[in-house]
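The structure under discussion is supplied below as structure tokens; questions concerning it will follow.
Chains here go by letter, A, B, C and D, matching the order in which they are written, and residues are numbered from 1 within each.
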Amino acid sequence: MSQGRKGISYWDYIRVEDLLSLQTGLHGDESRVGNDEVLFITVHQIFELWFKLVIRELEDVRAVFRQNPVPDQALSTACRSLRRCVTIFEVAADHWKVVESLTTRDYLAFRDQLVGASGFQSAQIRQLEILLGLEDELRIRCAGEASYKEVLKRHDGGTTPALERVERQLASGPSFRSSLYDWLARTPIDGSSDEASVKAYTDAFLASHAAQAKRLVESSGSALPEMDRDLLEKRYQREVDNAHAFLEGRDLAHLSDEEQRKRRHSRAALVFIESHRELPRLAWPREVVEATHVLEQAMVIWRWRHARMVERVIGRRVGTGGSGGVDYLDATAQRYRVFDDLWTVRTLLLKSELTPSLARPEDYRFRIED
Amino acid sequence: MSQGRKGISYWDYIRVEDLLSLQTGLHGDESRVGNDEVLFITVHQIFELWFKLVIRELEDVRAVFRQNPVPDQALSTACRSLRRCVTIFEVAADHWKVVESLTTRDYLAFRDQLVGASGFQSAQIRQLEILLGLEDELRIRCAGEASYKEVLKRHDGGTTPALERVERQLASGPSFRSSLYDWLARTPIDGSSDEASVKAYTDAFLASHAAQAKRLVESSGSALPEMDRDLLEKRYQREVDNAHAFLEGRDLAHLSDEEQRKRRHSRAALVFIESHRELPRLAWPREVVEATHVLEQAMVIWRWRHARMVERVIGRRVGTGGSGGVDYLDATAQRYRVFDDLWTVRTLLLKSELTPSLARPEDYRFRIED
Amino acid sequence: MSQGRKGISYWDYIRVEDLLSLQTGLHGDESRVGNDEVLFITVHQIFELWFKLVIRELEDVRAVFRQNPVPDQALSTACRSLRRCVTIFEVAADHWKVVESLTTRDYLAFRDQLVGASGFQSAQIRQLEILLGLEDELRIRCAGEASYKEVLKRHDGGTTPALERVERQLASGPSFRSSLYDWLARTPIDGSSDEASVKAYTDAFLASHAAQAKRLVESSGSALPEMDRDLLEKRYQREVDNAHAFLEGRDLAHLSDEEQRKRRHSRAALVFIESHRELPRLAWPREVVEATHVLEQAMVIWRWRHARMVERVIGRRVGTGGSGGVDYLDATAQRYRVFDDLWTVRTLLLKSELTPSLARPEDYRFRIED
Amino acid sequence: MSQGRKGISYWDYIRVEDLLSLQTGLHGDESRVGNDEVLFITVHQIFELWFKLVIRELEDVRAVFRQNPVPDQALSTACRSLRRCVTIFEVAADHWKVVESLTTRDYLAFRDQLVGASGFQSAQIRQLEILLGLEDELRIRCAGEASYKEVLKRHDGGTTPALERVERQLASGPSFRSSLYDWLARTPIDGSSDEASVKAYTDAFLASHAAQAKRLVESSGSALPEMDRDLLEKRYQREVDNAHAFLEGRDLAHLSDEEQRKRRHSRAALVFIESHRELPRLAWPREVVEATHVLEQAMVIWRWRHARMVERVIGRRVGTGGSGGVDYLDATAQRYRVFDDLWTVRTLLLKSELTPSLARPEDYRFRIED
């Protein structure tokens, strides 16, 4: 800090000189690094800075949902945090345009030296995935390694700051996903949280869903004489089957009975919240679900846009660090969905007049009105 | 037109009243159409208006490249047109955000009535694909129909304005792709357009490419002890094989000998133009190639973003008109690449010092200098 | 509508052919209109389509706030509508980039013929301003006319569809601004809506505000020895004076006593809502205020970006229709603020620990908690 | 650098840990800094990183134009650099949205401590202005200081890294503006660079300009009977006067005769390049002029968007460091135009058929054609 000033200066507060001295490349000497490579380093640094903000913010969001009960008011705070993260990812997705100002030749001029360094060594991206709750079995091995942690180790197997970041995050407790699903699993469905109520709502919903599919096959089939009616029927039948499988939790056999029950409840809650948003007490929960969904979408877009930048600049060649390059990136954009249930629910929802009518809507009013 | 004014008015020039009377929905009566549906109709109308502009502009670009020779000066005009189309697609890609302001429930409220109407009936999108030169065998059948033209017919098989648009476009002559590739096939490679020169350049390039792949296997392999060295070697070997297959035209057996020769030449020209952009006469050709590439990328982004909007709003359910919905849209984003060779070249390019040295670089200078 | 199909087709639903026939320019003949002019017409048509959506949506928002009381739940619906309008204006602001693909020469080629037609003849922009509640005295005369209605008349003074739109809007009742301010004027301040309570809160706030200004003069003054301490003191004193003038309604002398009281109350409510957002019942009101503010910002950005496009394409020349061109557009971006009080409040707000403490915070809790 | 690995790791290359340790705020202790303040610090750090890239890139552009002659081929390289800077500023303009996720209260929580630190202490923004060539007399005093350098000094008047950056930049030689205008002043006008040729072209252009203004007064005046014909005539007369003043250099009396001659030539060259872009040799010069213009526009948008963010978050209160806040920022957006002549030319240009016809267009062809 500079002495003699009564207040702090911009350059001390922002740490400008320290910050601008970190683009020294492979040899610790910026005079040997060209503009294109400084650009490449800098954009990655900017991503890391954004990721840090997002991680801090999502730690707070997770803390909200680890409370039981979650205070009503905290929902609006959580939404603000989630939306801030959305804005950051939307902004960050455009940074690939700056990287695309590199031509293939510009990038190749320094790329070979980067053997061994690759974006999948970004510890903060891994932290973010862990914090959100990405399931390990979804992860794609990028370069033949046993685990994503392998590529964060030293050559001799020793630890690194990157690995330590990831381990700290893993040790920090349940993910946001897990906390969010727990909160959903406590939501009263039509006024009650007992298992029978949840099942009654689910059954009514599934019956209406199947009836609607039947109607759509009939009307679509007749309107489109050219198409294969069998194909259409099979498509709708698959939708009906999927709805059953999801709401009855047929994919959850590996979990304990209690975990299965909670997950079925949380899935029913998602259907319930999205289907009855005109009920005052469901307004903020719906905002939370929406903001979470939008955040995941923003991250998917960022990942996919990354793949497009790489494809444009250097095509489909082998990635640095030996990864699959564009194919690896495209696969992460497609598979890395943390909030799978939120996506699935969108496929099931029914239009307003087909959703089950409620026995106790007044339970979702506020006791005082405007 | 209003009478009595000496000049034309804004509302007559823009045709405001006619324009604002076209959102009448299924029954020709706007009073029966809610805000959400008017939004849905309007966004599609806006897309059609943008498409019209793009088609007009690309007709002009195609006309430039159907000349032989193409005047040097026309290249900058063509670039301006291509960049305008890029801007339009970039802007249009954001319109999906407006559609995403519909919740699932909002959209379902009017969606069922749309059975039979689907975005794949947009004749202008088909026109655009035809004009650019999308190959028919890449097309994905969306609903079991025999051809994309089927869904543009009346129920009784009769013609429609949509089908007529497509037929007119098909009859309008060679595509932009075909004209562009023809122009590329006339580019002198290292000062000469004869087949031997082209082959000499290609062979030198392939030799350098193979040597580089070998070096990268060695350095990457040793730097990343954790990964499967065999996997890496196979990946690089596939790159070398692909480069040979591409530049030697092994995928072109179905074409006439002359067509094969031309296509090999145009591919060599792409490598040549991208590899030697410091030569003055290659500056504008490189801009043309780049602008075309960027346009295709912008269209891919628009298509993929469409898929994300649908997935977010209604999930992975059966599409209107019985199409595959999100899966169909994702498949078009992945497969519908018109300028395949431009993409492939990005995978092959070598860094500057590895590209073959030229015997006659002075052929690519201007005769007068600044 | 096409016959014979059981469902409606895309081209009938979207009215594609009608829509694409409206770019016929001055002479009703598209073959005489070049690409650049079609682009110019089309972008304006797209704006008109967006405006129509915004007007429909804001009619609904106004209807929410014309209720007394406004149901709590309706606030989330109103926010959704407001945010949709924000998205539309954000998207529309980027359309100027498409127009900027015109060079000066491109635009001049057809501009002279447009004498008499000008964007300030857009009736829907006027409707939007009326619906929101732009005060007439803020309006800038663009071309020496007596009123903005003059330029919507026929040469012989007769009415036009444009003028009729505006008259209908004027006759449609109180503006959104007026309805919103009325709702704010009913907000209980620290548990009570009587005038004394409002004044007590206001006085406490102003006292804290003045004390803070004094502290800031002292600390800033000493930290920045180079600057004119008098200048700084005057700046802060002006802030204190402005806060008094605003919250005590010194600018409202032209209104009735009752109107003055209501407006002071609504201003106090804005300070109150923004200062105590941790109170559950203030969460949605704060979202409403924020969404309204953001909408106005989005419109300001759209207007200012319009000015930049004009300045870039044709510089600061006289506008079509004889308007002031860029200067006129810049002036509208600067002056046309409908929700003046929302902007002013941002200048006054104090940090959390300086806001008056509340006597009855429990009045703003929900009676039931999660 | 980590030992034992054969290649470098991502975290060493990107300097992740060093980078993420710089958000420690006033007291050098991140644990005392909340999310909102970390966000505030981080966004400013990201701006500084972008500025560094822009400065490096523009140093290269300037170097191109300090050559005499400027090699033709270098123009395309300069355009690529300029466009990269445009992309960076476009991306950066959106970062204000992230800052806008702060509410007034969030920001006020830490703002008072920043007394003494202000964005106008960003040395790199000053470097950028100096490198581009912002004229000192355009600068706005933000807080009563004698010069913008004052606020970069220590309290005791001593030097700082910020001041040293600015001094180094000032010592680095002529600005890009000056180099660009020198290059323009060497452009042959209709085949000749002598003063008489330049004057002949200018005179012909001005005559055509005046005739056109006369025609427009006549047609506009009669078309708009409502408006003040005198007002319109005055507006057009001012345009004619301004055109004369500009092309005859009446504002340049303070310069040497030789400097005046050069500047008149460079202005004529701008008119010439923009008016005859169909001439092959003028295609790249026009791209350079356009890219420079677009860069300035992108910077103006970034500055203005900054003002809007501040106005939204904290209103029009006194800025940190005692500056004028929003008013200061708005004034910089309006006044800080480096390439004044490029803007002015847009106001003068005539449509194609009104520009003077050329005696020697063939001088602007290439000697070889496609």
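Note that in this section contacts are C-beta pairs under 8 Å (C-beta built on N, C-alpha and C of every residue); 3 or more make two chains touch, one makes a residue touch a chain.
This one's a predicted model, so the numbers in the text were calculated from it and none came from an experiment.
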Mutual neighbours - chains that touch subunit A and subunit C alike: B, D
Farthest chain relative to subunit B (centres taken as mean CA coordinates): C
Distance between chain centroids, defined by C-alpha means - subunit A, subunit D (Å): 39
Computed distance of Cα centres, subunit D from subunit B, in Å: 34
Rounded Å distance, subunit C centre to subunit D centre (Cα mean): 30
For subunit D, residues that touch 2 or more chains besides their own: 5-7, 115-116, 155, 219-220, 223-225, 277
Topology of the chain contact graph, where touching chains are joined (line, ring, star, complete, other): complete
For the subunit B and subunit D complex, residues of the former touching the latter: 5-7, 69-73, 76, 219-220, 222-224, 277-281, 283-284, 286-287, 366-370
Residues of subunit B that touch subunit A when the two form their complex: 103-105, 108-109, 111-112, 115-116, 143-146, 150-151, 155, 215-216, 219-220, 223-228, 231-232, 235-236, 239, 274-275, 277, 290, 293-294, 297, 300-301, 304-305, 308, 311-318, 321-322, 324, 343-352
Touching residues (chain side subunit A, partner subunit D) in the complex: 1-20, 22-26, 28, 35, 38-39, 41-42, 44-46, 48-50, 52-53, 56-57, 60, 80, 83-84, 87-88, 90-91, 94-95, 97-98, 101, 113-119, 121-124, 154-156, 158, 160-162
